[in-house]
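The chains carry the letters A, B and C, assigned in the order they are written, with residues numbered from 1 in each.
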């Protein structure tokens, strides 16, 4: 998996609408002298994008794995806790209502993504019967619908600006430069750290709430923290790359099917690597297949991923 | 012997001739390189159709233009021979290709804000000089002229635009036909509002825009069939989305539309279809456009 | 989830577990009114009583799975309230009656999870940890099953895995809620032998059982519960008299118990 990731990274940096030989790529990274055009293309356009693809892919893979562990439900994905709905709304709000302040987009997406998750957590995890998985999922679906409707409403009000927004909704990495990452990386860091600490507790949860308690864990707290980690990672990912929730759903499953174990010690780190590799590779393909037009990554990944996923499911059955 | 001694000489001569020629060619190439560089320095890309048209008319040929749909014959003629770059959301042109071209200036539109930001990060000067209203066309022409060092030509172009505009708006009477302008067909059709490019052109051409009192920041709004019937416009203009291929399909839909048929416009045969993007996209040929609108749609020429 | 609450000093001289007058109230009603027990090293204590007597509630309460509403619980001399997460996991292991059986987890993986209380969050298993895991599997008589998926095990095998997980915790006390309820004769006997072995090695075991004959045969002491109270404590022969059985269960029965064999002679069809 690690090899796949490295290969995908090289491909991403080397391929694009303009041909740049791999040796030049390496030279640029090492700080050696290369033509200015090459340097610009690699450092300003491709490098940030590749790094983003790696981080976002990893974040979504881990978020999906954490959620599926926390909610003990294979259908769990960042959609389900309302994050993607909220982030989409936040992004559209900026694109359609304040297009001149486009720099605010990641902040808005992050904020609304977390806000939506917070709503789901409050409804799903507190009060009597809190922490009940069904309740959390239902709350998530309701909140997601709420924000979807909100998004549709603003889209209807500003139909001519919608094409710009569609690109975000559908999932695509096209920013240039490091500004989005600069704003968002602390959230990614927090999310990854939290998730790392949740690996063992989630494993304990697998054996049942009672056994987990016997082992000194608090099931409700584990669910909440893991879901929080997932929410932070998914919001941060959405604010960079739009709505790519499919990755969060499918990658942990893929890993479990291929790895044969559900232990989170394996699933979470490998989901991170796999997510990173897949998104990087997918994005490279999306950029180069129809050059000079860049296809949006989201649908492209779905087109590639679904047949693979279905085939794996059949094989496993 | 004599012959043998004679033959190598011409061969040698030929060889040295070839070598000299080669050297000359290589030298020419080498000399060309710096001047090619110098040419590179002056490369200007005009993604915005307005900027492209303006540049050509100012005598500064753009290195590339942005591919647009629905250009008029006149516009196509202006930009003939200049290679076009494919534009796609959300960046506009392919950023890597632009980086490779190393342009001095890129004239862009606000539509490609993300691409503009990226190009600036690449160290390219990006200028957005699109007029938001017909009234600001001349100002933008001046701005483009100033940036390119063609102030005199800009003044001349503006005078021409003014002249054409004056002749096109001659004889507009106080009677203004009530005009509905619609973007697209079917359930997604939207009315042009006062603050849209097309809406303003209609006003300049002597029409009164029917909007059903809708207002929206974007310049377009959905109005219902009921409002259309209530407003009862005297002229209807349909502007299709997309390319000219749609025209026959659009025509069929328009002639079959009961709501439109029952309005004054429908009953007097005053429903028209716009075949290009002049009502949507800023251009320098204001005079020609207004005359076109008056002749074909408002029927007040 | 353990955030250190300062170091806790266990008193090795104190009994492993002391529970006094424990009370649990649910919805305004006392499910457990007053229950007490004491457990020492090398001792197997059986908690018996009719359905609804509060046996499971009592066990969950003194194990810390549910906060008691009254009374006192001391683990090796330290009050339950002062023990958090990991510290509690190091002193007692709770085996529930019906545990979730996940798919895609092997026996070895499950027992390793049991060992995870000894590991720091990002640390891997040390050689010692691996040894403990192997030993736990052996003590639970599950060698050879390491790579089996949990969902393919029989009831008895799964129970032994649960015990292996509990053993991997390295705690001196094992509390098992009806571990033999769904098992056949052979499996029950196997578990019984295993539990006695654990006790012989110095562990303390608390067993909640229905089967009085089984309790009498394998337990050193018995605690009888009825209507939310612990009403009798002592050796099986002392406590499980016909009189008491009649009072508590309302059934005429006599316990015959000698040399590892036990039988409960019951008047099943008696009308009083």
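Throughout what follows, a contact is a pair of C-beta atoms (placed from the backbone, for glycine too) under 8 Å apart; a residue touches a chain by one contact, two chains touch by 3 or more.
This one's a predicted model, so the numbers in the text were calculated from it and none came from an experiment.
Taken pairwise by the contact criterion, the protein chains link up end to end in a single open path, with no chain closing the loop. Chain A has the C-alpha centroid lying closest to the overall centroid of all protein C-alpha atoms shown. Greatest centre-to-centre distance from chain C is found for B, with centres as Cα means. Each chain gets one centre point, the mean of its Cα atoms, and the points for chain B and chain C are 82 Å apart. With centres taken as mean Cα positions, chain C sits 44 Å from chain A. One inter-chain figure worth recording: chain A and chain B are separated by 39 Å, centre to centre, where each centre is the mean of the chain's CA atoms. Residues of chain C found to touch two or more other chains are absent.
On the side of chain B, the complex with chain A involves touching residues 85-86, 88-91, 93-97, 99-100, 102, 110-111, 113-114, 117-118, 121-123, 188, 190, 216-220, 222. On the chain A side of its complex with chain C, the touching residues are 196-197, 199-201, 203-204, 206-211, 213-218, 221-222, 225, 256, 260-263.
Those residues of chain A lying in contact with chain B across their complex are 16-18, 37, 40-41, 44-46, 99-100, 102, 156-161, 163-164, 166-168, 172, 174-177, 291-294. Within the complex formed with chain A, the chain C residues making contact are 1-2, 63-65, 84-90, 92-96, 99-100, 102-106, 109-110, 113-114, 116-117, 119, 121-122, 162, 165-166, 169.
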